[in-house]
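Presented below are the structures under discussion, each in the form of structure tokens.
Shared chain: subunit A. Partners: subunit B in the first complex, subunit C in the second.
The block that comes next holds the complex of A and B.
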């Protein structure tokens, strides 16, 4: 089921076209990666979904229709520019933010204790927010985003300022939410986290959709005929069908000549008595795809 | 509505339970209590309650009823002791068993002259008590109609009446002139307090970067209404507590100064005050929200709001002109200028008959400006709320184009 359905939305600020004819949808039970370089239009896009800005044109459907006050209660948002009320206690701050999501105070009290314990913040609940570390404040923000059990979670750089243990915990929570059928839009520059968590992604640049689909679909678009090989002994200096090879992370990356097939190369290596421990098609990382696509876009813009 | 209530509650409680607020809240009552203590202490230590003697040579007071003066802390009833001759009175004075003594000479019925002897002059109040007692027993007065006697003893009270009968004011209604001044000062304090809190609330929302989270839960209008009502309530609480303590202070003071018991402010003055102050409060709140939404830092916002707040104090600077001629051009202009209107109109009402249509027009202008200010605040709020670290220009504020 589509939790968000966006059709051809555009937004212009003065002379800047922030978002241009963008369309995508987000399904329940998926983690959707919204990616793009700085200034690509991600935040504007999120703000339009959240009804902070109205699109100049196009249509946004959230949970089956336009945004309403009631629907806002079912959305959890962790913005890029984030913060908490600094001069009040953590407990009071989170209670206030949760009640603004329509939660009765009694329910907030009960759920807040669980969340504070989960995020290891229970002991500091009476401290003023400004007395907490950056990491603690980041965890508190995540509590504010999730405490009302939203159907749609929009999070911008959720792992910033978190240590590896807390990063893993947040990842587990996001996966748990996905399994519960919640829709999650995650915007981040940490491509390894996207590869690990996201089911589908949208890469935007200069307000346009550049890549859109499942991770496998996108990676297959960028997969070349290159092969990654691990062997117990050095590879022969010359292999038919291999144009060149180089070391990548302790393995050999073989760049095939035009028309050469990986299975032919594998056959040759076995026939030559090379003891192979790993042989795989070199799939580009999302990071490499991101850089490649964004650079191509920049060249196109400049040229 | 529930969300607005949550915002009101949050804004109200975060200030009301702060030490700073409790300090402002208690400052006036504490000051009143301190003044009362000082005054009472001064009265206690300075008022001489020792008896006053008198030598009544013609026997003028021999059959007189005792003085009926009840007295109070600052003017205690003095006991008057009769002495047969001046030597005994003099001896009593030297031993300080009396603070002074009068000698009523034989010639008193004709000459109406009495001599007073003292080491340190008795208080004016004590002298008045003796004088009153004498007057009550003069033959001329004892036969008089009590009403005329009262007039003679207490003097006349002039009542000024407007030619068209629309207004009258008695000489002893001094408080009608004082009331607008006190109400005006209270208004300024409440405006500055509430406005300051509101400014802080809006700027903090930007400084803390909480705005973006909050407006995905409530609409900007709900947030603004909640903040305005919450922060105005803080100021009104201050006003209510001060009013409560002032009433207590007045009723206590009335025990000592009977003149205070005559204070009676006409109900219509309160109604007009409420009609003037309420739109003014809304206007101030909206203007403070606008400044908060436009500015990026608290210090910068405070500077601008300080200049803005000065506009409300203009009537005090022009007070001598307004009081000398409440219908002067300056007074009328200030009545139509929204920031100075509430206090100017009240000051004028204390001194003259302000035509009803003028008051209605002053209130209408204030209401219109309040509505416009709320509209402007809403716009500044919507445009400026996500402009972190960037000041919203006036051009942005009035331009049709949205800023990123």
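The block that comes next holds the complex of A and C.
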């Protein structure tokens, strides 16, 4: 079921086309990666989904229709520019933000205790927000995003300022929410986290959609015939069907000649007595795909 | 509407529980109250006068009376208002001396036999204190004056207050009475009212501006506008912080009224000041309207700029109109019915201060505060609509460098292009 359905939205600020004819949808029960270089139009796109900005053209359907005040109560939003009231206590700050999402104060009180304990912030609930560390404030913002049990979660760089333990905890929570059938849009530059968590991604650049689909689909688009090999001894200097090879992270990356098949190369290595411990088709990482695509876009823009 | 209420409640509670607010709320009336208390202790034996009384009505409450011995045989009668308890007549100095030694009186005057030629009077006491002595000589002075004038109360009053000046403007058709500014109370009470209203309105309005600017600076605004309509946010803030200002007004003005009543026991000047409780009601009305006007403008400034620092720099330009009655407070108090005072009372941006200053100085025609209220309501409604238009997400999520031109253009709905991707 589509929680968000976006059709050909555009937004211009002055002379800058922030978003240009963008279309995508987000399903319930998935983590959707919204990716792109700085200034690509991600934040504008998110703000249009949240009805903070109105698109110049196009159509946005949220939970089956246009955005309403009631629907806003079912959305959790962690913006890129973090912010909390600095001069009041953590408890009062989170209570205010939760009640603005339509939660009764009594319910907030009960759920807040659980969340504060989960995020290890219960002991500092009476401290002023400005007295908390950056990591603590980041966790507090995550509580504000999740406490009202939203159907749609939009999070921008959720792992910034978190240590590995808290990063893992947030990942677990996001996966748990996905399993509960919530839709999650995650915008981040940490490609390893995207690979680990996201079911589908949209890569935008200069307001355009550049890549859109499941992670596997996209990676397969960029997969070549290259092979990664680990062996106990150095590989022979010449292997039929291999154009060149180089070391990558302690392994040998074999670039195959045109028409050569990985199976033939494997057979040849075994016949030559090479003791192989790992042999796999080299799938490009999302990071590599990101850099490649964005660079290509930049060349196209300049050329 | 529910979210407006949540914002209102939160803003009110967050502000009134702030330590700096509580201290200001309490200390502002507490400091003058302490001064009054200390002065009261120091002047322990001073006389007390009823508010509005003249010299001849004074009731004496000295802890110890004084005595006198009339060797010149000139005291024929004692006025009623002086009574026989505070200044006791003795036939012989020995009796007066005995009364002093026994503690029945604090001391005694001896009017010398050649008083009519020399004016000589001796004062004898157990412990001479120059401060309290100077304060208490008015009784014997007035007793002698009274008898020199043949014991006639009317003549005495006429002698004591020979001139009752009434000030008038000479204008083609009307003669309006002005304020006697030679009377300190007649000047300082309206002046105090001007200052009080200036401080109250500007404090509350600045609170509003800082609040909005701080939310932008703290970057909470984006979370807020994804949860609540900007116009609901504005309404919640205006009413929440307005209530804070109202609380300050009631506490400060109420304390001032109480102090004026109690202070009469310490300072005769305070006793002569009469502020009707009705001024509190007018005060609340004009504070609310003044706050709505300036608070809304300040909210607009907060929405426009990017930080609290920039907002503070913009404050002076915005509050300039409310400074006008402050700068012209002398002429307004001296001539509360002049054209200048009336015009300033009707201009919405100067009306709250000017009207309250004039009301503290004199009675003003009823149509003037009513017209001022009408004009203030119309202007405030216009401004609230215009600033609600400024409370758009696109503006709240960006920061502009403040200029009056930009502010007016934005108020008119010509938003600057906000760049944010």
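To be clear about the criterion, the second predicted complex is superposed on the first by the 303 of 303 C-alpha atoms of A that agree within 3 Å, B and C clash if a C-alpha of one lies under 4 Å from a C-alpha of the other, contacts with A are read in each partner's own complex, and residues count from 1 in each chain.
Note that a residue touches a chain if its C-beta (ideal position, glycine included) is under 8 Å from a C-beta of that chain, and two chains touch if they have at least 3 such contacts.
Please read all numbers here as calculations on a predicted model, not as lab measurements.
**Student:** If subunit A is used to align the two complexes, do subunit B and subunit C fit next to each other or clash?
**Tutor:** When both complexes are placed onto subunit A, subunit B and subunit C end up clashing with one another.
**Student:** Touch test for A:83: subunit B only (first), subunit C only (second), both, or neither?
**Tutor:** In the superposition, A:83 contacts both subunit B and subunit C.
**Student:** Could you say whether A:91 touches subunit B, subunit C, both of them, or neither, answering first, second, both or neither?
**Tutor:** Neither subunit B nor subunit C is touched by A:91.
**Student:** For A:41, decide between first (touching subunit B), second (touching subunit C), both and neither.
**Tutor:** A:41 sits against subunit C, while subunit B stays out of touch.
**Student:** Once the shared chain is lined up, is A:150 touching subunit B (first), subunit C (second), both, or neither of them?
**Tutor:** neither
**Student:** Where does A:33 make contact in the superposed view: on subunit B (first), on subunit C (second), on both, or on neither?
**Tutor:** neither
**Student:** Pick from 8-16, 62-70 or 152-160: which stretch of subunit B gets in the way of subunit C?
**Tutor:** 8-16
**Student:** Find the residues of subunit A that appear in the contact set with subunit B and again in the contact set with subunit C.
**Tutor:** 13-14, 16, 18, 44, 47, 50, 52-53, 69, 72-73, 75, 77, 79, 81-88, 96-97, 99-101, 144.
**Student:** Using the touch rule from the top, collect the residues of subunit A that touch subunit B in their complex.
**Tutor:** 13-14, 16, 18, 44, 47, 50, 52-53, 69, 72-73, 75, 77, 79, 81-88, 96-97, 99-102, 144
**Student:** Using the touch definition from the top, list the residues of subunit A that touch subunit C in their complex.
**Tutor:** Checking each residue of subunit A against subunit C gives 13-14, 16, 18-19, 39-44, 47, 50, 52-53, 69, 72-73, 75, 77, 79, 81-88, 92, 96-97, 99-101, 144, 207.
**Student:** Touching subunit A in the complex: which residues of subunit C?
**Tutor:** 3, 6-7, 10, 14, 18, 215, 218-229, 393-394, 397, 417-421
**Student:** Could you pull out which subunit B residues touch subunit A in their complex?
**Tutor:** 2-3, 6-7, 10, 14, 204, 208-210, 212-219, 386, 388, 401-404
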